[in-house]
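Each of the next two complexes has chain A plus one more chain, namely chain B in the first and chain C in the second.
This part shows the complex of A and B:
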């Protein structure tokens, strides 16, 4: 079956842009959005409590933290890398915010940004200048950041509470036009991210690096510097998301963020970004995040299903999405590796 | 491997190949000298028993990494096998174990097919199973911890033969089998060839897809064994805790053991040493009253050092 597909792919590539390619490209880029729309429509019809303002607000708030983390991950994955450390860095960001807030809100937000940005930069430096595999470097910082977190919280036993009236806590809990600040921040960051990826030199060089590091280097792009900033950005965003989440719950919870990197990666991949790098969109990631969160919400709405089904559905969905992607990308990109 | 000889000075290469044994040796000597009660049989057994589930999972991981892949699902497969076990214990121990192993094999077929036939990157293919597998385990177990009362299974977890815990014997046997598989069988050669250069293996007419699928199946079955062992040790089936982050520990053991992440080389003995080293590090730090946070940071540093030593290969020709 696959042999036939490959043959068609070759033929399609010869003819240029065929209808099949066009559809493949569309599904790749917009598939998650279509599925999201379908699920939302079906759930609206099926559950009275789904399409309510409260529920939408709820989903938006829950999505915002993962979305901010997934934004950084999108850029890293488009460049052909991966960042496994974001879950630990997210948790560390929250704990640092709760630690720093005792010296004022400004410290409360700057401390996590500086430290988490620093961890991201360390990742970036090891990947870009040390030429180490991103997978393993960020695996090491996953452990290291968790260790740091444990070290500053008396081995995880000390959960610091953030004062309710502090400015930073307000940033997590306050609302503007009925929508929480974290949601606004996520929306603004995604808008900036989309413009950066599509319209700026930085974004284009990230796409180029993901497409082919060698070609990017030969073109004279500052590959190492760009790569380092990508990971720095990913660390910064994870730290920010953690700080906001801590502000939202008004405490630096030590046990959050385990496996969060996997959610972020899943959202990015479901959003149509290729793990091989070189192609992807910020909007797709947003759709991917919302999709994961809506699935979770719908399973809660059904009520009779145990919440454990959520990960079964997410996993099955992820497998289905990447299988379809792999199938389509042969037609779309004609860039099959290996066999 | 010829490439390595060209790009790496012999000293670095030797450090990469034997560094893990040296580090393990130094750590053992340090403990013999400075840690009380280290050289007792009881302590030795404790250390070995604690590391067995990770070690067994790491054996499969080493094979998968040898094919230039990675299996993120091992932790979830462990949970799945732990969840399956009590469901079928009513039919006897052997059927229950067989079902658990079969579950692991099916997981392997799932990820292997996604990787080899559909052409998905190993990280994502096994990520899907990581996410879904634990959910499935929790659904099967109804999210609850189940006590194990089967005397044979309990004996498996806590019994010993000639002073050696049974689980350690199992791990040792599996190490020998996997080591033999890699070094002396056609399958082992094919695995290393596929990992070294997949396109060339295709051109050479090797059964690339079959080799990949079988590799993931072996990894799945070994993860299932690890889940059974963990359950027997815990005397309870706890699908929410068993195998949690085991994939990371297994990958760490393999990488620290000197198996390069870019395939074409499998070091089974190194993997064993890597797993023992990581276990001994945290044990040593705990014995000397250092917090577990320090253990994590030290492990992180060791991973970075291990990959730094492999760098010339990982950096490629660029």
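This part shows the complex of A and C:
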């Protein structure tokens, strides 16, 4: 063991991050939270009916379903993939819950989880082992799941009603400390998700796969296995969200969830996760979901504005976030070339 | 050397569609030894490494690791067995921290099974410091320089208690003192009893650090033995497949003889071209009508030199003048305006547009000159296309035939025609005959000669030494980004070129 001599000891000439990079990084990670806080403050002042317990409860409940779907999407996008099937899978989960509940609440919850998890696993297997493009694979299952949904509901003509007193229905409608169970479930899932992403080898390897799949593979990380589980998880969560939403409205409705995958992607990206993968946070996604939902709520508060404007505003946010991301990654590239 | 080999490959063969990449290759790595793997471009080094590390499955042959036969079906298997690899392109995750990159896949965990970042950062800092690298390990890797990233990659490989460490061109982005640090790490790894496989083109480094050597050529093992027993000349001769006797008969030459040339103004004069890690003060002078060849092994800086002249490689210092007028460096547009055009190495990706016609491909570059008020005169186009098709003897059924349907040689001529439309003063040719058949090759070579005879200055790169020697009036020999010799007149022979590559004389 030779001690390394002084002359060789200065390999890393320290180049601190530039101020611009630092600010850019902050905007990336916390931007959605700041905007969310601003909108909440302004709305509280502007609308009497905004900062009420009922309205907060309402926003939380509406957010919980999208949040659960967006959680799975966050992991998939961080790994460098995309899951377009979640909207259809979400709707399928609801209908399966309503279908299964006739044999008891347990079947009512297990049926959607098994089927939706299975669809997710199919996505994952095709992406991970079949080496197919996630965009195409999940587009195919988006169509397939929607078709399956129409088949089991006679083209959507029969909407199944779930019995009010069933345990599963209660899971959607009941409250704890005045807050609905779906909100609690979402909160718990996000806490678990945050720990998984930040503090486990699993999460670490997801970040590595998204950062550079080739490097992850050559470092000996189990890329294919991880990828498959990510899509399985995304399908499971979409199915769960669908089942909870069905329980909340006590019916399995076929027309829900169209375009839901895009809302989830928007929330993830607004939350600061790079669409190219490799970086992102679960907390950011939560802020992104709330931001979308608060915007919707505020537009409802204004009342005179058509609710369609909600999409316009959400779209504008998304465009702004993607523009900032592009600007940031160009800053990174410039740096790499400079070194 | 009686110790049992850590890794032993016997009769390895690997073919890809249309190519035999490896055939009957043997490689033995005993513990505590640094083994050099050398060979020119396409010799099969990268393929062999990928076979050893489980990226590719061999088509034939056997691999045995620590005495028992193994079959790695993926990189993870090889890695878990104790074979660590540092690939040529640094394979780390730029967005993640230095510490994460060091420990990915084997991160320390606390008693709840969660990652213990404090332990990880401490261990990472300690590990890097023991290698003389002082860096904030929580910084994302992308914010660090190429040298540090390379050291992190090496540290990752060395720290995983590997039995075999494979280093593929580890010094290509390192400063000299970083190379020293790297060699200390290698010595430590060797002292711990691991086997090291070291791939590099830098002869100085090979002789500094390696004990034994395997030479590959065209997918076959051509030599294996202690490195000390081989002279540099012998090593280069083996790599290139040249007759050593013949080279030795020629003897060593003085390469500093630069006979006084005609006082004509050079059409191209590049002075002191310097680009970090790649070029170190390269001078190239081309007189009108002269063909100057660039000689050198892979990675010597030949392509970089022409790219620097053409403005597509940013230079740190150095100047280019064309016909006595200085050209702004780092700008392709400025170089083109000054009359410098380049035929890129990769015809398919950087050159022809296969779905467009011969006419469209030729006049593409000349469109601005041919148009008036945004409209392009078809008659003038036809005139130019007709001229060049005749002059360069382009064989196409008509100017409207798609370029993609032509042979490789004719595609290359179409590209040449496109460059010549701009009425250049200097033509830079990077591998002009690669991938075209023998007949077409001779024709392209003849054409280049004719163009030079008309007063054009030509810089020629070819990995085929005969081509450089036959085609060039003088040769600038490069090694590791420096000019190590200039051959002129009677000295322009294959033997002298090879001798210059091996010997090279004192560094500029």
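Here, the second predicted complex is superposed on the first by the 314 of 339 C-alpha atoms of A that agree within 3 Å, B and C clash if a C-alpha of one lies under 4 Å from a C-alpha of the other, contacts with A are read in each partner's own complex, and residues count from 1 in each chain.
The working rule: a contact is a pair of C-beta atoms (placed from the backbone, for glycine too) under 8 Å apart; a residue touches a chain by one contact, two chains touch by 3 or more.
Just so we're clear, the structure is a prediction, and the values are computed from it rather than from any experiment.
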Query = What is the contact status of A:304 with respect to chain B (first) and chain C (second): first, second, both, or neither?
reply = neither
Ask   = After superposition on the shared chain, which partner residues are touched by A:279: those of chain B (first), chain C (second), both, or neither?
value = second
Query = Which holds for A:211: it touches chain B only (first), chain C only (second), both, or neither?
reply = second
Message = Touch test for A:220: chain B only (first), chain C only (second), both, or neither?
response = second
Message = If we overlay the two complexes on their shared chain A, which of chain B and chain C does A:200 touch? Say first, second, both or neither.
response = second
Note = Across chain A, the partner (chain B or chain C) reaching more residues is B
Task = Would you please give the residues of chain A that touch chain B in one complex and also touch chain C in the other complex?
result = 2, 214, 217, 336, 339
Note = The answer for chain C against chain A in the complex is residues 55, 75-76, 78-80, 85, 87, 91-96, 100, 104-105, 107, 109, 113-115, 130-136, 139, 142-148, 151, 156, 177-178, 180-181, 184, 187-188, 191
Note = Per the touch rule above, chain A residues touching chain B in the complex are 2, 82, 126, 130-133, 135-137, 139-144, 146-151, 155, 213-214, 217, 258, 262, 265-266, 269, 275-276, 306, 308-316, 318-319, 322-323, 325-327, 330, 336-339
Note = Listed in rising order, chain B residues that touch chain A in their complex are 70, 72, 110, 114, 116-121, 123-125, 127-136, 138-139, 142-143, 198-199, 202, 208-209, 244-245, 248, 251-252, 255, 261-262, 291-297, 299-301, 303-304, 307-308, 311, 314-315, 318
Ask   = Within the complex, which stretch of chain A touches chain C?
value = 1-2, 4-5, 7-15, 17, 21, 195, 198-201, 204-205, 207-208, 211-212, 214-222, 278-279, 332, 335-336, 339
